[in-house]
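In what follows, subunit A forms one complex with subunit B and a second complex with subunit C.
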Partner chain A sequence: MDLTVEATLESEIVSRKHPRVEDFISTLKVFVKNRIALAGLIIVVIYAIIAILDWVYPAYLGIKSGFDLSDALVTFHMSTYLGKPILYPSPITGSLIPFTIGVSYGVPPYGSGAIITLIPPTLHGPTNTPGWWWIFGSTAYNLPIFPVMLASLKWDLTYTVVIVLIGAAIGTIVGTFAGFYGGATDEAIMRVTDIFFSIPFLVLAMAILYVMGVSINNVLLALIIIWWPIYARLTRGQALSVKANKFVEAATASGSSRIRTMFVHILPNVLAPVFVQISLDLGTVIALFATLDFLGFHYTSIYLPELGNMITWGDQTRYLFATPMNWWPFLIPALFLVIFTIAVNLLGDGLRDVLDPKLRR
Partner chain B sequence: MVEAELSKSEQHDELAKEIQENNVVVKNLKTYFFTSKGIVRAIENLSLSIRRGEVYGLVGESGSGKSVTATSIIDLIPDPPGRVLDGDVYINGFNIYSDLDKLVKVKIKSPTNVKVKHYKTSLRRHNKVLSSIRGKWVSMIFQEPFLSMNPVLTIGFQLTEPILLHNLTDLISSLVRLETFSKKNALKVAEAILGEPDYQKRSNIVDQFILDYSLYSVKKYIKQTAENISDPEQMATEFVDIAQTAKLGLKVEKYARMRDYFRLSDRVDDLQLKLVSIEGEIKRIRRRIQELSASSPAGSDELRKMRNYLDTRTSQSEKETLQIKEEIKRAKEQMRRVYPALYFKRILSKRVRDKNIRMAAEKRAIEFLELVNIPAPEAIMNSYPHELSGGMLQRSMIAMALSSSPKVLIADEPTTALDVTTQAQILNLINRVIDKRRGQSVLFITHDLAVIAEMCDRVGVMYGGNLVEEAPLEKLFKNAKHPYTIGLMNSIPRHDVKVDKAARLESIPGSVPNLIDPPTGCRFHPRCKFRMDICSEKKPALVEIEPEHKVACFLYSDEVEESVELEE
Partner chain C sequence: MKIRYFIIRRLVLMVPTLIGLTLFTFVLLYSLELTHETQLVSQYINPHSKDIAAQLRKAKIALGLNLSFPQQYILFLERLVNGTWGFFPTQFPMFGGLPVLEGIEKSLPNTVQLAFFATLLSVILSIPIGTYIGARPNSVSDNVGRVFSLVGYAFPVFVLGILLQLLFSRAGVVPRLIGVTGLPIGGTMPTFTSPPSWFRAGTTYPTHIPILDGILNGDFSFSWGAFIYVILPVLTITYGLLAGLLRFIRSGMVDSLSQEYVKTARSKGVPESWVIRTHVRRNAMIPAITVMVLAFAALLGGVVVVEDIFSYHGMGLLALNSVLDFAPYGVLSTTFFFGIIIVIANLVVDVIYALLDPRIRY
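Entry: the complex of A and B
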């Protein structure tokens, strides 16, 4: 008797499907119907998988863990001084790979005269390296673009997601608070956001970095400082319109305290556009992040594999290394960035449809 | 001097008696809205009382202040622009506006330039006090069910909310009741089941048993046991087994501590309400003295009386306050000892995350859904408001309002947005569901006299923010006195009275006055057929002309005759 009763107790709990699970399934169904958004989602997921793999198990991508381009540069310098063939550590195994292409003389790093011929996009790179490394050709120091680009996604995506999520969390809570409480609180918070909106994002970010000094933490901080007002303004407007609803009054009438009303009844109603905004902002922030690096605000070092940095190298190979003008070193990383931005925007549009509860079932 | 004190205490006793007898007592309520166009005098000196176990109807045209009255009773007036400026509302004996005068300062430079200053800390405290009253003693049903449910939360979540906010003690003690379940109890139940030959009644007893000991999860086994076994001794053993298994699953000891904790916390809440009302009373007397001394600096008789009263009351209240504070301190200490983890956790957040409590609340919500005739309540619990029809939503709204078993239910035009057949169902439902014997009462607001006739025991007729007539239902319909009530009655289309086809349905000429600049005297006089000179000069008081029948009109007042005589 005892055993059976206990068994049924458990089975009753397990067999009941949680409403949120059911919800999620029906949400997915609606989302899949929108093919363009689905394409966006697939691209974003591929990027995300690459970034996550890079954190968890980089060898899968053929990248050495803790890969930093400064190793490559040091070898480059040494080898030019000694007049030996150029060696640099493979991003895959860490072992040194000899390069036979290009002649080097003069004094690096920015000395004149170092001439390197970059490898164009090809299916077959130099011998004893995998062919797929070279499908996008090579960039400064004759590094293969493709594996370095994959390695750079790790930094770009991680920092972008951290910036946007923290900014959104701060902005949403502050904005909902302002909209719900109204009055002087609202005015004060909104005037502060106005200050942020009055200065272009990039200029403001550069100013903040200039004052605080360039480091990866400061870049995070600067971009979060810039990003929360967007969410604050968005949610404040939403909260104002949600607050006027009868169900807020009904919640108060059933004894819900003010702070509980704000978090339980108003916040979920405000969230839908926030999710859309987050998905749209991922694209903007990754571009901004790359732009700052492109403009010379190198976060950790000049050797960080990062998309913006890669574009810089691609652009500057011809000055620094006296190579002839090539299209691939900067165009391919830039395209890689643009594809992500577009995919994220498509995803955002799809999310907008899904998050409307009336379309869900 | 002694006389004065006597009269004061008599007055006090009278009020105390009225408060005790009624669920809601409203005294001299005054609610204004401070808009950019001027001050809207929405309610002016309104007094009413709702007895225990009574359905009180408020009727009137739109714009006559019915809804404002309802929202004033639980202070849900949107602020700004509105504010309750004066008056007392006693709910279950507690005056919710006892600390009102601290809340607001109105500066009036000109009719359009009004500034309302709020004292934020007091307002916060006021809201905190009120949130323990709203939903627990008073709950509300709104006009549009579609708008008054949160679209992103499931019905189940919204139904369990008031239960989890207000009835935690009940809920947990029902979980704990398992502890006291002994063989003796089981034998009693088993004999009762076996002694009942009628199948229906038998299953009722089983249901009651399941409900009493909250054995929902083993319902099936109890039913099987009750059907298959004919020996009470054996059945009782089985019951004890089942109960013990369920007890194991629940870890009753933890819930017993939790129950003790919440009992203490309820006690603290009550004591704090008492504290607030004592403070409020003293403050009121002080304010009255200030007013009196401002009006007559020399010092009138009443002022002296009030001062005396203040002295005696202050010394009393100081003692009481100290006592109560001491008691609160003790209760809190006890709370900390009973369940330290919960005590410190609840300082941060009032939510109790516990699967069993949540499930018990859900069961209770499902019972209420069954009570309001909703088919497949389990499925409804997981659905969102937009998936239900208006009638279903209004039913679940009623279930939600009743789920915390309040003393007073305020129904603000609950049927206006529904179609006619659903309306009838909802009205019957409200009538059936209200537990009048336990003293649950309803404030029913509508503009439809037919609905009033269906639902109410006593009716108040409102016009322009005033109560113009108040009577028991039959008296009002047979013998309406106020010209406005008569007008309302005449504007109902009737099938039993033959009229010319050419004749039109009678209506009250004109429209509801703009309350920014209300008519002088009686607010109804511009539209009244029987108006006299005095009507535009003086405001008629609500006078009892027959037992329980009150009218505010000079037609039935002695003053008019006097003044007419004077004129002659």
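Entry: the complex of A and C
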């Protein structure tokens, strides 16, 4: 009896890995058990793969390197179809359906009075362009929705990740600093974050963009300015509770400098809720990006594939041909965005469950 | 501590936030002086005059743009208190050439109407539903509720708003299918062919709140008409609010369910419905009330988008138009005003919090 216990103990000691690795593995096990969070993670990874693939080798996606919307426009230039009804094969019966041509109410690049066509979702393109380009139909300026949607992820995800990561880095350092040093520094920093929290962030973004002027760099800057206080407040509370631990006292007693204590002992211990917040904010920021474009802040070139651009065009062309209403140019890019925000929320919830020690074991 | 002292302490704590808010608005103004100088003084210049440069100089002196930073801040505070908040440019929609405060006076009541119905609806719905699903964790109804609130969290406001338009507006899917007149796709209130004395230039009198003014002036059909215009925007805002509230009430309920005092109450033989209502729900509501502030701030942010989609003339649309149509004083005033509303909402919620939970006051 005693011998077997000893033997198992010994084998445990031998097989024991580094505590961090062990911790990570048990975390992973808990996370994988949560099927919904896993589904969220898979969707986010698929989106990320599309975006990364578009950066490194766009041909895999059937997209030209350096794809911008002018390419798509050239392949399907409207002047070819001026005054002629376009015939496209019906996805159900295969018979040819004449397609109505309408008049847009003018957004660049063609200005008012330009003739545009909207092709409903179909498996066959109306021209010799690849068939799968048209499975979701086309949006304003005859852009096939599907490839443009894939291409738009590249910019949307890149900008979102840049904003959230920089905001999180600034906020975490400032918040940890405030929580660790305390006193007047803490008070001053928290009063500054109070100002940011007392104005709705959309209104704040609009005001900052008005002052700085609308451009993509300024949108990035404005959103970073708005985003750091969330992390500062989050980590400050966390740092306050970590500071009360004995190991901080021990570090101080053994001669660790304050800066070293802050970065080596406090900072790693406040990061768990930061990761949860980052995953939730990815969804918020990508939606805010689209919202700003929708509201009329056209910060990107009209040729840049971007989800906000696409949704805006879809919205503007909803009533172009009154019956039946053009639901697809708006709804498909919008749902593409919503799927990502839902997945990111699922992932964030799963992470929170994993990182909450109460639910862990 | 008596609640009176708590309120006084809370008011004193509000002062630095208010100073910060004015300072922030002033920094915006000061940077506008560097980037948008002509827009700031354009209202005070006669474009047909021969000597524009002299007029520009005069306008800058009159507005105090030649002063130093602290001097300008004092001047700014003085104007804030006086109520001279500047003007909208002449080509501004609805309020061209009018004082900014007049624009706010006529826009705010419409937003109050929206916010009132949205808050009312979300509170009425969230408390019973949250209690129901929170008391049955991991049941089917709980999972439905979680999906519902998750989708509400994840849907951007403008997607939801346009979805509702596609479904329920006059040209929408649902009215077409069942053959009824749909809801209006946008607008603030019905128009009159021969407007009565209490309706001038798209604004109702005396309170400017359309539904209330209709009732006050005895025109109930107008109130009903105005209510119909409010339905879709309110539903759009409510969904987001409801999603947040449900999530927090549910997690609060689940947390309190595992507390010792709930076990005690059950073992005493207290009926389950009584346990849920008095022991669990009351404690679960306290964190949910803090969330109300955040939800309210989100509501005011969401109002910008919703009012844009439904072309509803409220504060949000005023703020958006100010930014898009280059009205510098409009931008400053609306930003400041939104800030003030949230600061006051914070105060109100803290007081409610203290009334509900005596521990907070100490």
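The rule we apply is simple: the second predicted complex is superposed on the first by the 270 of 361 C-alpha atoms of A that agree within 3 Å, B and C clash if a C-alpha of one lies under 4 Å from a C-alpha of the other, contacts with A are read in each partner's own complex, and residues count from 1 in each chain.
The rule is short, and it goes like this: a contact is a pair of C-beta atoms (placed from the backbone, for glycine too) under 8 Å apart; a residue touches a chain by one contact, two chains touch by 3 or more.
Here the structure is a predicted model, which means the values were calculated and not measured.
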Looking at the overlay, does A:22 come into contact with subunit B only (first), subunit C only (second), both, or neither?
-> first
Taking the superposition as given, does A:241 touch the first partner, subunit B, the second, subunit C, both, or neither?
-> neither
Can A:269 be said to touch subunit B (first), subunit C (second), both, or neither?
-> first
May I ask you to decide whether A:202 touches subunit B, subunit C, both, or neither, giving the answer as first, second, both or neither?
-> second
Dominant toucher of subunit A (residue count), subunit B or subunit C = C
First (subunit B), second (subunit C), both or neither touched by A:260 = first
Check the residue A:249 against both partner chains and state whether it touches subunit B (first), subunit C (second), both, or neither.
-> first
Subunit A residues contacted in one complex by subunit B, in the other by subunit C = none
In the complex, subunit B touches subunit A at residues 74, 76, 124, 127-128, 131-136, 138-140, 142, 144, 147-154, 156, 161-162, 165-166, 217-218, 220-221, 238, 241-242, 244-246, 248-249, 350, 382, 384, 386-387, 400-401, 404
In the complex, subunit A touches subunit B at residues 1-2, 4-6, 8-9, 12, 19, 22, 245-247, 249-258, 260, 264-265, 268-269, 357-358, 361
Touch list for subunit A against partner subunit C, complex | 191-192, 194-195, 197-204, 206-213, 283, 287, 290-291, 294-296, 311, 315, 318-319, 322, 325, 327, 330-331, 334, 337-338, 341-342, 344-346, 349
Listed in rising order, subunit C residues that touch subunit A in their complex are 16-17, 20-21, 23-24, 28, 31-32, 35-36, 150-151, 153-159, 162-163, 166, 171-173, 297-298, 300-302, 304-305, 308, 319-320, 322-324, 328, 331-332, 334-335, 338-339, 342-343, 346
